[in-house]
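Each of the next two complexes has subunit A plus one more chain, namely subunit B in the first and subunit C in the second.
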Partner chain A sequence: MSAQPAYRLAAPNWCLPVLLFMAFFFVIPLAANLLRTQSPGTGPFFYYIKLLTDPYYAGVLWETLKVGLITTFATLLVGYPVAFFMVRFAGRWNALIVFFVIAPLLTSIIMRTFGWRVLLARRGLLNTWLLDWGLISRPQNIADDPIAVYIGLVHVLVPFMVLSIAAVLQGVDVSLEESARMLGAGRLRTFLHVTLPLSMDGIATGCILVFVVTNGSFLTMLLLGGGKIKTLALLIYQQFNTTQDVAFAAAMGNILMLVAAICFALQFHLLRHRGVKT
Partner chain B sequence: MSGPVLMLFAYMALFMLFITLPIAAVVVISFSDSSFIAFPITGLSLKWYRHIVEYQPFVTSLATSIELALASTVLGAVLGVPAALALARSRRALAGVVANLLLAPLSVPAIVLGFALLYFLSALSFGLSFGALLIAHTVAGIPYIVRTVLATYRALPRDLEECASILGATRGQVLWHLTLPMVRPGIFAGGMFAVLTSLDNLPLSFFFGTATTNTLPVVMLSYMENQFDPSIAAISTVQMLIAVSCLFVLDRIYGVERLTAV
Partner chain C sequence: MSAPLPLRLVDVSKSFGGTQVLKPLRLDLAQGEMLALLGPSGCGKTTTLRLIAGFEAPDAGSIVINGRDMTSMPPNKRGLGMVFQNYSLFPHMTVGENVAFGLKMRGVGKAEKTQRVRAMLQMVRLEQMADRHIHQLSGGQQQRIALARALATEPSILLLDEPLGALDKNLREGMQFELRDIQRKLGITSILVTHDQEEALTMSDRVAVMAQGEVVQIGRPTDVYDRPRTRFVSEFLGTANIFGGVVKGATGENCWLVALDLQPQIEGLVASSDALALGQRVTLAVRPEKLMIGPPAPSAIEAWVKDVVFRGAYFAYELTAHGQDRPLFAYSQAREVAVQNGTVGVSWAPGSAVILQESA
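And now, the complex of A and B:
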């Protein structure tokens, strides 16, 4: 007698309703967006060529990538020590720290940008402190400056980075670090040669996530950038609100999708390459 | 404690300050008694809370937001949970493809999804309505529910259901009395994420809003473009309190710490 197949409660056709829903309201609309990039009298690639060759739009593309890379790197620098602390030192305080780390995700984007505007304004708290410590001689309005955009982005994206890295660090055996220390490696050397390489998967996941989310953000740029940072997503928003150039906005959206797809293919490849469970 | 460890503790203190300061500033300003924004505030009052209760657009849009978050999450669960149950125990390659499709909305920028859906639904003359908002928010919420239910169901022993069926339970009885109660933490956790994301999904919502179906973030954004007074701080604080209470419920059901072990 052959082995009975294991009992399965759910039949494959339980997927049908959600598949129909997603086909109709996710796949088809995004596919239609691919075909929407042509206005009467232009070729199918007119807007893509414009985006890549027109100096203004090529500059926006470049700035989008630049903002994404700087934000990702800054978020990694800010977040890594936090993840390290959570896994190695937090102990029973871990739940409280998780709560603090994800606090920005519990507030609305309006609340966060409002808060930063208040703190970074000319007569805000930060300027008062910097003046008191003698670091600056006259107050600056930081609220409408690229630096405010980066601060706002790091603030809301650092939870993703911390949680991605902490998840991987939790699986790293402490005894490996202890062995390195016992064999005479200093703290820094142990970190650079043992801890850091072993947490690479978490770093990669966190960085790709932060980079992709940054590429799609526009409200932080709109509310904190004072018009000084122009990215692709912000341009889509402005096209939609003012000029209503549907074909052009659709082309920009498709480029954003392409960048996101490349990033996730990269992540899939990296994780599979290392043989890590997802 | 040695030097580097002490530095790490000091860094954590700074980090906590960085995370909480902008949020705390808004909460403090919401209790201000002046009609302009100043921090630190000069006197305490509740007048901005009275103002937001009296300002009709805030009240109606908050109701719309909550209704939308709950409706889209329930619809997302009704569609997503059966699929997750089927996918979790399937070993076919196709199941992996379907699971990836259901998780895909997480990776699509909300502004692109909103834009594409608006023009698609408008072509069906369905563009600006609560129905369009509901569809958009359901698409965005399904991945959260599918992800946690997949993980919860996969971690459960499979033989319990088999035992129940051998003992004579019908499929419906196994589902209702055994499987659903066991995956309930996963449904709640995913649903809570979907609710929280929906409440603040401005990039998706602003495409579909009309005078009668605007969500709270959309109303707040347009209010802020015209006026700059502490009532924005008050309504923000209310919204945060809603989210924080959701998180406490989630913590009780699922455990916040498990978020680090996704």
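And now, the complex of A and C:
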């Protein structure tokens, strides 16, 4: 087609199959979802208004965002030290740690979540230990406590956080930290003034990823926490399976979609403004 | 005598994973001097610098800075300054913030900080760059900012880790003099780690040549260059022509006649302040610029011109001689040398050849 003899393995039209696939299975269903929220006899925003004004549904929306934020924060707290250790100290063990970080993703989510039930249940391993050590006098059903949802989510999502941060930390030259030490900064101030600001890109990517994935999770909430944590994704699942109110479920899906879109716009913005480096 | 030395290394040694990278090293620095640690990679020079900085702890020995034992002190409490090979400027800060970082860590007041940063930037002639970002600077500018940052806190010793390694040749030569100038003006005691012999010779008051974890020779640049003690030093500091031979006798004060292992046999003069025994085997080295090329003569080494390379400031001649398995190198200003039947005569002035220790 083009006259210039430059070697290019790929031609632009090679991406046509992918584009078609995405159009059929991604863009069209999403557009259809917008139409699905419209039902005869109601206004165009009927279900959205219901979702945002009804105290119960507004509460669920708020709970969804809360669970997302708490999970993201907890994942960051757990993931950053792992990423830091991996990049700075693991050396030749790095590959092994990467494997251990990714290993949970190789198991089915249902298996993993049931695994937590086994550990956290009233007669589970954790209760047995706590009783043996005399830390509690009566077994607690932790598996049906909201905390179990957070444990389950953090467990699943930590790999995304670790890998996002590690990728950026890898690019932060150790000699930058050494420079700070030579200039009189102790370990903590070196971290706060040099390492942390320079790993912000990774933190942002990891956080947005974890937040968006948490918003879309419902299996963890279904299997852990005894139904005490209700989020939009779980509600969508229930709308489909029990009440079969497709229009309302579609409205909820679109709200989640909007939240995700805002997050990615935010990340795009962050990368464009902070991504300038030597 | 009165003031303690800025730096004393007392039998400092270091091993990594069973290999000794630094054999017990004893080194004293005088106030205001610049010492170059020169050697090939893996000779222990960088390890020495990192031990002084505090990034590595020695296995044995002590590091005494200004009379205080700092062996187990973390790097941030040693009061030293360092310029890294890749400058290591903080990419998320402006030039001014970079230079101010050390002062900020020391809790210096705002007014004093501003004034000090300006003075530092003036010193490296970049005062208009304070608000620039690091990636907007050229390599040479980054190098100067790294120097300004290291000096802003008035460290007692300046450590320079291959500071000019990343610059191109022209810039490097200019920076050698500029860095030297600033160091002299401030009178700051400095250690320069480099593998570039020219840089070491140009910039330092003393050169310590290191190999395999120890200092093999230390002295003024001219001394180390003109009177290398070992074959390694003579070859690492530029090019050297090495000859073997047997001592024939003395021809004057500190001057000896040596029968060289060449065919036909020829005698050469060598300078040595040590007494040499008659019939003793010696190895001697002559710098290429000290070799004189002339027409063949009975007193000159007979050699063939194998190749001539134009090096800009001089011509480098590659010569072969009977009995010498390695080629001889001679630097000459002359484009054409007298050749008879394809041979030339190579000789040197008395005192141009030095005796090397046999062990090396």
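Criterion: the second predicted complex is superposed on the first by the 262 of 278 C-alpha atoms of A that agree within 3 Å, B and C clash if a C-alpha of one lies under 4 Å from a C-alpha of the other, contacts with A are read in each partner's own complex, and residues count from 1 in each chain.
Convention: a residue touches a chain if its C-beta (ideal position, glycine included) is under 8 Å from a C-beta of that chain, and two chains touch if they have at least 3 such contacts.
These numbers come from a predicted model, not from an experiment.
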Which partner, subunit B or subunit C, is in contact with more residues of subunit A? B
Quick check for you: in the superposed arrangement, does A:T243 touch first (subunit B), second (subunit C), both or neither? neither
With both complexes overlaid on chain A, does A:P17 touch subunit B (first), subunit C (second), both or neither? first
Just checking: does A:F25 make contact with subunit B only, subunit C only, both, or neither of them? Give me first, second, both or neither. first
Based on the superposed arrangement, let me know which partner A:E178 touches: subunit B (first), subunit C (second), both, or neither? second
Looking at the overlay, does A:S39 come into contact with subunit B only (first), subunit C only (second), both, or neither? neither
What is the shared patch of subunit A, the residues that subunit B and subunit C both contact? none
Give every residue of subunit A touching subunit C within the complex, in rising order. 173, 175-176, 178-186, 189, 193-194, 197-198, 276-278
Subunit B residues within the subunit A interface of the complex: 4-5, 8-9, 11-12, 15-16, 18-26, 29, 37-40, 79-80, 82-83, 85-90, 92, 95, 98, 101-102, 104-105, 107-113, 115-117, 119-121, 135-136, 138-139, 142, 158, 161-162, 165, 171, 174-175, 179, 196, 199-200, 202-203, 207, 216-217, 220-221, 224, 232-233, 236-237, 239-240, 243-244, 247, 251, 255-257, 259-262
Under the definition above, what is the set of subunit A residues touching subunit B in their complex? 6-15, 17-19, 21-22, 25-30, 32-33, 36, 78, 81-82, 84-86, 89, 94-95, 97-112, 114-116, 118-119, 123-125, 155, 158, 163, 166-167, 170, 187, 212, 215-216, 218-219, 233, 236-237, 240, 246, 249-250, 253-254, 256-257, 260-261, 264
Which of the residues in subunit C end up touching subunit A in this complex? 53-55, 74-77, 80-82, 84-86, 88-92, 101-102, 105-106, 133-135, 149-150, 153, 159
